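Both complexes below contain chain A, partnered by chain B and then by chain C.
Moving on to the complex of A and B:
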């Protein structure tokens, strides 16, 4: 079998196996360790002789370090070293970079960029010394631009253009032309970035909090100028990443350099503030969306343009229009993203890059079009699902958008919604309802996994894939147990060690389907061997509860067939299926909000999401991903915004007290509907990704519900009370 | 965090006049020490000096300075007779924090100005004479009343706003003896010395909070915030209103997060008395209250928000 996946696997293999664990909402095997506090995270390894390092952030926004007054600090109690070198990282690596990002901390690219590392015997000593370290700068902040603007922007990609947009807009029966803004977002994972580095001769071991180990090994080795074979990264548990740990960042390289110099292990843990200030942000966006449709609501014109930002020299630009490429009809099109170079920390992939902010604006524009055309917003969306990707002609693999809209609408009770705003008032609160579609690209990534069926009938899955809190351990175990017909409690999954076969890594929602497919293929190879032993074809082999048999052959314990451990490695690589057939994930959100008529506070009262993303591998972890995504959407709609000081580009709200993610009281009971779907184009296990889908459009449903509640159409996120307040109707006027 | 000496006081006398920084629940002080915004050389732990009683005192109540916020909010008499106080406390922070936080520490909590908290920007409150980065910067949570050229920060807490409306007093003991300070005079405006949040003198310890006889009427605390919990107020209104035959008989009001102190305005309280509640009356009250209100850019919205929150609070407190 070729590694490349270029023929859809339509065998429905996982529907024919008999163990019955695939898709089940099983608990995560590592869950008890996590709730008991005994899962070991990067900073928690006790390495004998470990010294403590603290990073020092630049006091200027842009310029050069001209002197570091080491001596005074070296004389302080416990201080072992002060490091500032050309190998230390100036910026974190972008996802899947696989090479060193910008190095050399004598240059300052953005405010609070790490410029030095102070190492001491204790964390307190290192912190005190880091605070005392005097650094001289050549301050070039006057040349810096801190605010994004179109006049210093360049196209991020070739725009998508088709037909005659202006004419289509002129001739449309209904037109929407609206400007949106979304602010910068933080990744804000629970576990801050941390590393312990330890050398043994030329070999480096790094305990880190990272999402994609094979890339991270390459990035770290390149940063240090050593061969990747001398680098081992361990990251068995990761306390959330959300994109911020796709690539290596400052602490890893700094720890490795200091550990090498001192000849003892060094730990560097970033403070919450440092994580906010120096790792990665989601770019703010300015978006203009123009839609034109005929009297029947069918789109003829579709334009989505965006302005985003990044540091000069960074290639990454928030792919705002990614879902706009395939989601809706409109033969006359323009999709364009421009990137402005500014002096703020690096912009990179934050959970659902592109769709997270693009979809929430698009779905508000669609709501506006529905109103202009006098068509129910659910119906308008259904009328605009093209048969093939507009402008490309590519067919779709599976698309459960209509089903999601219908199932969601039924569960939510959409038919009870008033089409006109300000129709329902309960005490001080306006009540309203909104809908939005969900859409997100799906990606299959290269992956490798090793599976062993031991002679005593245990299943072991091994890969350097990571579990960032999503359920990789659970899902990979279920795939292997299902394929090899073993109970789940005889299945062990080992992850997060770069010495193991290279999984896809956790990013872009591709982990479970890609690494899962590699494990699936390893299991297929084991099944082939077992089939020989049973004397049947692999197709006819039946496995369940540790027994193997075939039609006409009596069941025997698998262990009777094995004389030794059976180990196989499975591999998958994306082929051209991704280009030939558009494989995306879809869903729909329905939301009820209450808007305070006096103060403009918005509270979510209930929310329903329905999603189709191929085969559900574990109903519980999939639901959790959808739920978490919807919570992110609520944050994006109502509270989350990085606040940068326009005078020097520094981040003012750099912790979780002031950067407001939703808290429990913000999240009412939420309903998640998982739709049955198989997508053989996406992967041999017919699964797609689900880690990001739940965000993509969710904030649009909230915004549309706010409009429906109180008649205020906001286009700037987040929709905090200050933005609503001035536009609210007279709170004392009786409801219409 | 900078190294510091730590001592535990056994009784009040050891705390009074001590040059060390007092630590009670530590929920504010420790955060500021970790950020090196507060860098005391010495801490004096006052958790074992008593002052944990809530006791009847005439028609009123005396609440020891070290009573926890949770215990105070849950106290049956306070819930029955001064419900405004319970409600304001429960509107703040989280259960875990309220279990640790004390009455005295709560009054002394410091501003949430982002430039004060970052430990490095110019800030007259943190480092007198360095300037005020919030002016012209990100100042969404800053003051609209009583600010000065030196500082535009707000007092962020909830409990003191209720205590101001209730006309409570703060009992202290210092090297010069015991004194009783009206809650409404306890916090000060920044003027040209924003480093001082309140009128406590060096070595002076808060020993108790005194509640006067129950006010009765309807009491409510309206806290407007970006998220439903675990956020400081954008604006808050503490209102205690007594009605008589459809007219306002007495009104006690205080406003949070709009000034360097819980804001009170006796003119507004007086003008309401004898009036029939109406949207027009609430507007007139807001006109008077906000006569001198001044936005700083990001926080301009607070002027309208205060007006609206006052209207909502008055409508609810005077309604059927």
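Moving on to the complex of A and C:
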């Protein structure tokens, strides 16, 4: 069988197998370890003789390090070394880079960029010495630009242009032309970036908190100038990633270099402030959306333009219009993203790059168009689903957007909503309702997994894939148990060791469907061997509860058919199907808010999300992914914003007290509807990704509900009380 | 050399002598010296709650306090509440309701919730209590308010609430 996935797998294999565990909302197998505190994260390995390293950030915004006054801190108690070298990282690696990012910390690219590592016997000694370290700089920040603007932006890469947009807008019955802004966002995973490095001769072992180990090995080896075969990374538990741990970052290389020099293990854990200041931000965006439709609400003009930013030399550009390419109709189109080079920390992937901020603006614009056209916003969306990708003609694989809108509307009680704002008042609160579509691209990535059916009837799945909270341990076990007809409690999943076959890694929502498909193929190979032993074709083989049989052949324990462990490796690579058929995930959000008529405070009262993303592999963990995405949407709508100083580019709110992620009290009762779907174009297991879908558009539903509640149409996120207050209607006026 | 301060504290029923660097936080003593890495460091500034432990029956952020300040204190960490094969009712409810994803904030959530249940039972009011003179109800709004010092970036809040309700209801039914 070819590794590439070129032909849709329509056999519905996982519907024909008999074990009955696929899709079930089983508990996470690693759950007991996590709730008991015995799951071990990167910084938590006890290595004998481990020294402690603390990174030091630059005191200038841009320039060069001219002197590091090592001697003074080397004399401090316990200090073992002060490192600042051409191999240390200036920037974190972008996702799937597979090579070293910018190195050499004698140059300063952005404020608080790590420029040195201080290592001491204890964490307290290293912290004190790092604070005392004096560094001289050649400050070149006078010629730096700290604010994104049109006049320092590059032309858009690959803009989409079709038809005659200006004419279509002129002739449209209804037009929306609106400007939006979204601020920078931080991943803010709960576990700070951490590494323990230990050398044995030429071989490096790194315990890290990383999402994509095969790429990370290549990045680390390239940074150190060594052969990747000498690098092993262990990352069995990762305390959240959300894009920030796709590539290696400063602490990993610094720990490896110091450990090599000192001949003993070195641990480097970033402070929360350092994580905020030096890893990765989601770019702020300025967006202009122009929509034009006929009297029937059908889109004829669709333009989505954005300005984003990054450090000079970084290729990554927040793909703001990614879902705009395929989601709605409109033959006359313009989609363009320009990037402005500025001096702030690296911009890169933060959960659902592109759609997270593009969809929330688009979905507000669609709400505005619905109002202008006098059409219910749910109906307007349903009327604008094209038969093929506009301008391309590419057909869609499965698309459950209509079903999501309908199922969500029914569950939420959308028919009870007032179409006019300021219609409902409860005490000092305006009550309103909003809807938004969800859409996110789906990607199949190259992956490999090894599955063993042991002679005593256990299933073992092995891959260097990671579980960053996504449920990889659960779903990979379920796929293998289902395919090999073994109870789930006889199934073990080993992850997060770079010596195991290369999984897809956790990122871009592709982990479960890609690595799951590799495991699926390994299981198919095992089934073929078992079928031979049973004396039937692989198609006719029946497996359940450890027994194998076929029509006319009595069930026998699988263990009777095995004389030794049966091990197979499965592989998958994206093929033609990714190009030929648009494979995306869809959903719909419905939200009820209360806006305080006096203070402008918004409270989310309830939220419903309905999602279609191919086969559900585990209903419990999939639902949790959706819930988490919606929580991110609420943060993006109401509280989250990175604030940069316009004078020197430094991040002002660099911690969890000042960058406001949602807390328990911000989150209402939430309802998640998982739609039944199979997408044979996406993967042989007919699954797509769900790790990011729940955020893509969610903030738009909140914004639309705010408008419906109090009649204030904000186009700047987050919608904080100060922004609403100036526009609120007379709090003493009666409801409309 | 000046005599270093020392403290003797009890952690999960075991007595420990603290004789190291007086700058060391209770959190770092637990993680680095006692090997109790179930208590997590998420921010080291009392902003996230991942390091929550129970000291003399009350939940605190162990990153905001120095170990040497706890002479004579009784500390309970996540490891003291249950083991993977013998979970507390609340720990088991977190698994059943998927009250976590990455698992990093989880020990702090569970320690916090364990103490919070006692606070409600003892009648302590919160900002969500309508009348501070009344005994607070076991209500979702009370739990969400009282658990707001424990951040979960994976966004498992609804599931955490369900787990806590489940454990409280099970206890109330006994």
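Please note the rule applied: the second predicted complex is superposed on the first by the 735 of 736 C-alpha atoms of A that agree within 3 Å, B and C clash if a C-alpha of one lies under 4 Å from a C-alpha of the other, contacts with A are read in each partner's own complex, and residues count from 1 in each chain.
Methods note: a contact is a pair of C-beta atoms (placed from the backbone, for glycine too) under 8 Å apart; a residue touches a chain by one contact, two chains touch by 3 or more.
The model shown is predicted, which means the values in this text are computed figures rather than measured ones.
*Asks:* Is A:59 contacted by the first partner chain B, the second partner chain C, both or neither?
*Replies:* In the superposition, A:59 touches chain B alone.
*Asks:* Mind working out whether A:663 is in touch with chain B, chain C, both or neither, as first, second, both or neither?
*Replies:* It touches chain B and chain C both.
*Asks:* Check whether A:75 is in contact with chain B, with chain C, with both or with neither, and answer first, second, both or neither.
*Replies:* The answer is neither, since A:75 touches no partner chain.
*Asks:* Quick check for you: in the superposed arrangement, does A:192 touch first (chain B), second (chain C), both or neither?
*Replies:* In the superposed model, A:192 contacts chain C only, not chain B.
*Asks:* Does the superposition put A:124 against chain B (first), chain C (second), both, or neither?
*Replies:* The answer is both, since A:124 touches chain B and chain C.
*Asks:* In the overlaid three-chain picture, which partner chain does A:428 touch, first (chain B) or second (chain C), both, or neither?
*Replies:* In the superposition, A:428 contacts chain B only.
*Asks:* Pick one for A:599: touches chain B only (first), chain C only (second), both, or neither.
*Replies:* first
*Asks:* Touching A:36 in the superposition: chain B (first), chain C (second), both, neither?
*Replies:* After superposing on A, A:36 lies in contact with chain C but is clear of chain B.
*Asks:* Taking the superposition on A as described, I'd like to know which of chain B and chain C A:44 touches: first, second, both or neither.
*Replies:* second
*Asks:* Check whether chain B or chain C contacts more residues of chain A in the superposed model.
*Replies:* C
*Asks:* Kindly list the residues of chain A that each of chain B and chain C touches, one partner per complex.
*Replies:* 124, 128, 657, 662-666
*Asks:* If we count contacts the way the header does, which residues on chain A are in touch with chain B in the complex?
*Replies:* 59, 124, 127-128, 131, 273, 428, 596, 598-601, 603, 638-639, 643-647, 652-654, 657-658, 660, 662-666, 720-722, 725-726, 731-732
*Asks:* Would you tell me which residues of chain B are touching chain A in their complex?
*Replies:* That would be residues 1-3, 35-36, 112, 114-115, 118, 120, 133, 136-138, 140, 224-231, 234, 279, 301-302, 304-305, 308-309, 311-312, 315 of chain B.
*Asks:* Please output the residues of chain C touching chain A within their complex, sorted ascending.
*Replies:* That would be residues 20-21, 23-24, 28, 31-32, 35-45, 47-48, 50, 77-79, 81-85, 87, 91-92, 94-96, 98, 100-107, 110, 128, 140, 143-145, 147-161 of chain C.
*Asks:* Touching chain C in the complex: which residues of chain A?
*Replies:* On the chain A side, the touching residues are 27-28, 30-41, 43-44, 46, 122-125, 128, 187-192, 237-242, 269, 271-272, 468-471, 620-621, 623-625, 627-632, 655-657, 661-667, 669-670.
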